[in-house]
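Here the chain labels run A, B, C and D in written order, and each chain numbers its own residues starting at 1.
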Amino acid sequence: MLQEYVERSYRPDLKPSVASNLIKDNTAIVGIGATEFSRDSGRDELDMACEAIKAAVDDAGLTMDDIDGLETFTLERTSMPTLVGSLGIPNLRFSNQISFGGGASCANVMHAAAAVATGVADYVVCYRSLNEASGHRYGRGDGYVGYLSEAPTLHYGYFFPFGLLTPLSWAGMYGMRWMHEFGVEPEHIGWYPVVLRENAQRNPKAIFHDKPMTHQDYMECQMIVEPLRMFDCCVDTDGAAAVVVTTAERAKDLKQPPAHILAAAQSSPPEQEIQTSYNRPIITGLPETWYMAQELFRVAGVSPADIDVAQLYDPFSLGGLVQLEELGFCERGEGAAFCEGGDRIRPDGELPLNTSGGLLSEAYIHGYNLIIEAVRQIRGTSTSQVENAELSLVTGGPGVPTSGLILRR
Amino acid sequence: MEYVPGIPILKPSIDADNKPFWDAVANHELVLQKCRACDVYHQPPRPMCPECKSMDTLEWVQSSGRGQIYSYVNFTTDRMAYPAMKVPYAVVLIELDEGVRLVSNMIDIEPDEIEIGMPVEVVFDDISEDLTLYKFKKRAA
Amino acid sequence: MPSIKDAAAVVGVATTGFSTDSGRTEYSLAAECIKAALDDAGLRPEDVDGIVKDVVDGIDAMYIQKAVGIDNLTYASDSRYGTLPLLNAVTAVAAGIANTVVYYRSANNASGKRAGSDFRAAKETKDESLDMIRYDFHAPFGLLTPDGAIGMAVRRYLHEFEVSAEQVGWVPVVCSEHAAKNPQAIFHDAPITLADYIDSDVVVDPLRVLDCAPDVDGAIAIVVTRAERAVDLSQPPAFVMANAQGTSTEGEQLSSYSRPQMSGLPEMGLLGDELYRVAGIGPNDISVAQLDDRFAPLVPMQLEALGFCERGEGAAFCEGGDALRVGGRLALNTNGGFLGEGFSYGTNIIEAVRQIRGTSSNQVSDAEVVLVASGAGGPADGCILRR
Amino acid sequence: MTATGDAEQPIPHPALWGVLYRNSTPFWEAVKRHELELQRCAQCGHWLVPPRPMCPKCRSADSEWVPVSGHGTIYSWVTYHESPHPAFEVPYSVVLVELDEGVRLVSNPVDIASDELEIGMPVDVVFEDIDDDLTLFKFTRAA
């Protein structure tokens, strides 16, 4: 089990050849749109979905009549027929949902790209809308009191009775072991959230814009679930975001410079669970991210060193650090050291990370704000623009079946 | 760890596949699912052995109940804690001698005394008439 | 123009058979069935790199991996409505991002305890889906069930085209005749007559018991792979000529009350147009179809929408049943349909595959192409398979 | 119609709680006042039923809540002979009423027996206070 991962030897023999991959270079993200990000939208998720989708369609220079595909999460609460009936999409030919929470973000784009590459649809909108801050709070345990008497799934029955109910604590279980095995100290971890907060200061849309944080602030902030503290956690957000995917051929005639999809990948390795894969040989890594990265770089035909800028899905800062290891930007156990001092991951560093502030400091739109930022880097319109960004990498949620994209100019 | 009176613990969700496990716990026994053909333990339990694809070689065997702490988290504030448990409380990941890992709680130890690698053995905690949980306590190495 | 035409094939199928109480978990049914479908194809679980399923089925792909032993999944999606997951499987294979994809469903819908389902076996969770917005305008008035919701449209159809129960009744009668010969069917060996149909209880006027497909316990699994790999496997492949989805602006799931006319199925019309466009054939080229008979009156409506007859003539097409029997103009639901085999989406695709292989218990002698449509009364989807 | 609405088996209430359902709230608030109001696109006048945030015809997000006549005809109906929910005793009927404005609403008939229902029958809105929280609009034979 997971022998390939343990030995770092990927065997792509099961996968179709790169030559038969119709997504590569033939598809592109041509429109991006989002609502305001806030802590209390005061609006329905359906309202926000419509606004974000309309913004993305306008951005692409298309009309709603052009749209014939919809992609989103199974967690999405807006109903597809009701959304179609609100947007007035006349002939929707393709719709799809993907489970695994934030692991689905880049997979949405991947599946949309497969649809346009095969003529199943012409223009697919991928979207996500959530009132995570003011509405139902997935990340809190107290929401279960008085509404459930037993664990909501069979699987959670092995965790919930012991008080282990939240993603933060599930991730903490990996984190404690990772810190133990590699001798990582809290002060090493702090640089990652600090740099992301710096990026948010330049992004007026970020929730933590105008709320700077120093490394000392990080060290002094409240411990929530040891080993994770307040500033290790993503920011619960109300908002919606959407992107439009079409073929590279059609993209030529549209309003914006296309962000071509060089590679897209999804992965769920053996013994995968939703952030509780505790029965794998080692729990200090993220095998799903490693497998995804192997496939992503295989299809793209580039190596980690070629990546100019990356948006890592970071529900918790440790998730970002361990992804650096699994994506091949550094060795196992060296993610925190890679970020120490922050210079390497700042916008002028060797691997600029989460240039909009990421999920920790911009917003938590389930990874969609990261995809939008990856596109902005290709267009040259980020508030923390990386000079001459040619290859822009973005990942989906770690610890669950995940996904990733490499975009190119 | 201490419970807050009046707030029920979320009980396990049980079906035909995992019922033998929870029935055993109610009888103060810890059992694990094992494929007798492959000699492999499976946690969580499943209806088919992923190694040999057999549905009738799976059986429930007694666990040693002994292992060590593989990892843990410590709930230090109410923010993310389940309100039935008084903070601070710790949740541990135990690696049993059989190689299988289970989430659980420790008894007779303060959260800040918990360490990765600590040898432990299983105990059973009758929480209420219809809920028994397996927990662990420190043992001599 | 890029196309999915003939890029993929169905190479393995299986069902567990259906019952009103499986006595097993949905997880267990799914694992057994997927293994059986792979055995049918001559493939191993290790050959699978994609899984597609329906959102409503509880067992996540990750748990299927745990039981069946699928190594690294690099394509996974959940679709909703009808047999839509097939479109994702075919799209992934055609786009060259997956080699072999398994589509499964497993549900104890009859014994209904849902205790058997796995990962999302939530027993008390609130439904926070925004589908509830629509239910808000129905539920307080007691319009709470699919049969009630679709009954509104059925009454308009019966009213506008002066269709009688005696005409509609031929659909369940013919389906029951087909089911009687299908050992997998829950109504195996139990044909009904038109008199039985007319005498059956009215559940939600205008629908009778025998208009409604029975909920069953059981699982299905379907294996899709690339066309060029399909030819080397155990079974004759069923190539996917076309696969599509159809929705319309004012369409809602079984309750499209705001559109100008409620007596038709515009989504089905769009689906048919797309299927015929991609496949490059028309309704006259098709003599076997597996249509969505979850509610019998939806069959004449589909016959019209898919171009097998003119608008308003679907009931006349069905009358007497001869056009729908094997050897008739359009052999219908030769497994017995959802009415006769049991209501589990996917059985319609599996029966289409049996027809292509020549192994149906109601075999049509020259079945070269078979049309499958599902999701009638809401977002529609379907495919055309060929030998 | 024998919806009991007692505390033991309450009629399913529309979900006004939470932030997920704000689009529908004005509708049910008007019903509570014994008024029937529907959402209409402020730009092109298209009725938005059920309520929605954007007009599918002109894609404007501007809408208004407008009082409607409450007169209409029965467009379709169903009659339950097996109860789907303990609050509803069978047989009972659910009607789809087409208002003079051209939009359709699901409701129940009042003082019309199941076997008297006919497509095209003229009806008027009436209001029924079920309990402290819930008022429903129903339809009776037109005067």
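Note that contacts are C-beta pairs under 8 Å (C-beta built on N, C-alpha and C of every residue); 3 or more make two chains touch, one makes a residue touch a chain.
Worth saying up front: this structure is predicted, and the values here are computed from it rather than measured.
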| item | value |
| --- | --- |
| Pair exhibiting more inter-chain C-beta contacts, A-D or A-C | A-C |
| Chain located farthest away, centre of chain C as origin (C-alpha) | B |
| Chain A and chain D, separation of their C-alpha mean positions in angstrom | 42 |
| Averaged-CA centre spacing for the pair chain C and chain A, given as whole angstrom | 34 |
| Chain C and chain D: spacing of chain centres that average the CA atoms, whole Å | 32 |
| Per-residue overlap in chain C, given as positions that touch at least 2 other chains | 63, 65-66, 69, 118, 121, 123, 128, 130, 133-134, 249-250, 258 |
| Junction residues of chain D, two or more chains touched | 20-21, 23, 50, 56 |
| Touching two or more other chains - residue numbers and ranges from chain A | 44-46, 77, 82, 85, 88, 136, 148-150, 152-155, 270 |
| Touch relationships between chains, expressed as pairs | A-B, A-C, A-D, B-C, C-D |
| List of chain C residues in touch with chain A within their complex | 1-4, 7, 46-47, 49, 55, 60-63, 65-66, 69-80, 84, 87-88, 91-92, 94-99, 118-126, 128-131, 133-134, 226, 243-253, 258, 270, 274, 278, 378-379 |
| Complex contacts: residues of chain B adjacent to chain A | 1, 7-15, 17-18, 22, 43-44, 50, 70-77, 79-85, 89, 91, 93, 100-105, 116, 131, 133 |
| In the complex with chain B, residue positions of chain A that touch it | 139-142, 144-145, 148-166, 168-169, 172-174, 176-177, 180, 222-227, 270, 276, 278-279, 283 |
| List of chain C residues in touch with chain D within their complex | 128, 130, 132-145, 148, 151-153, 155-156, 159, 201-207, 249-250, 257-258, 262 |
| Complex interface listing, chain A residues touching chain C | 4, 14-17, 20-23, 44-46, 74, 77-82, 84-85, 88-100, 107, 110-111, 113-115, 117-120, 136, 147-150, 152-155, 247, 264-274, 291, 295, 401 |
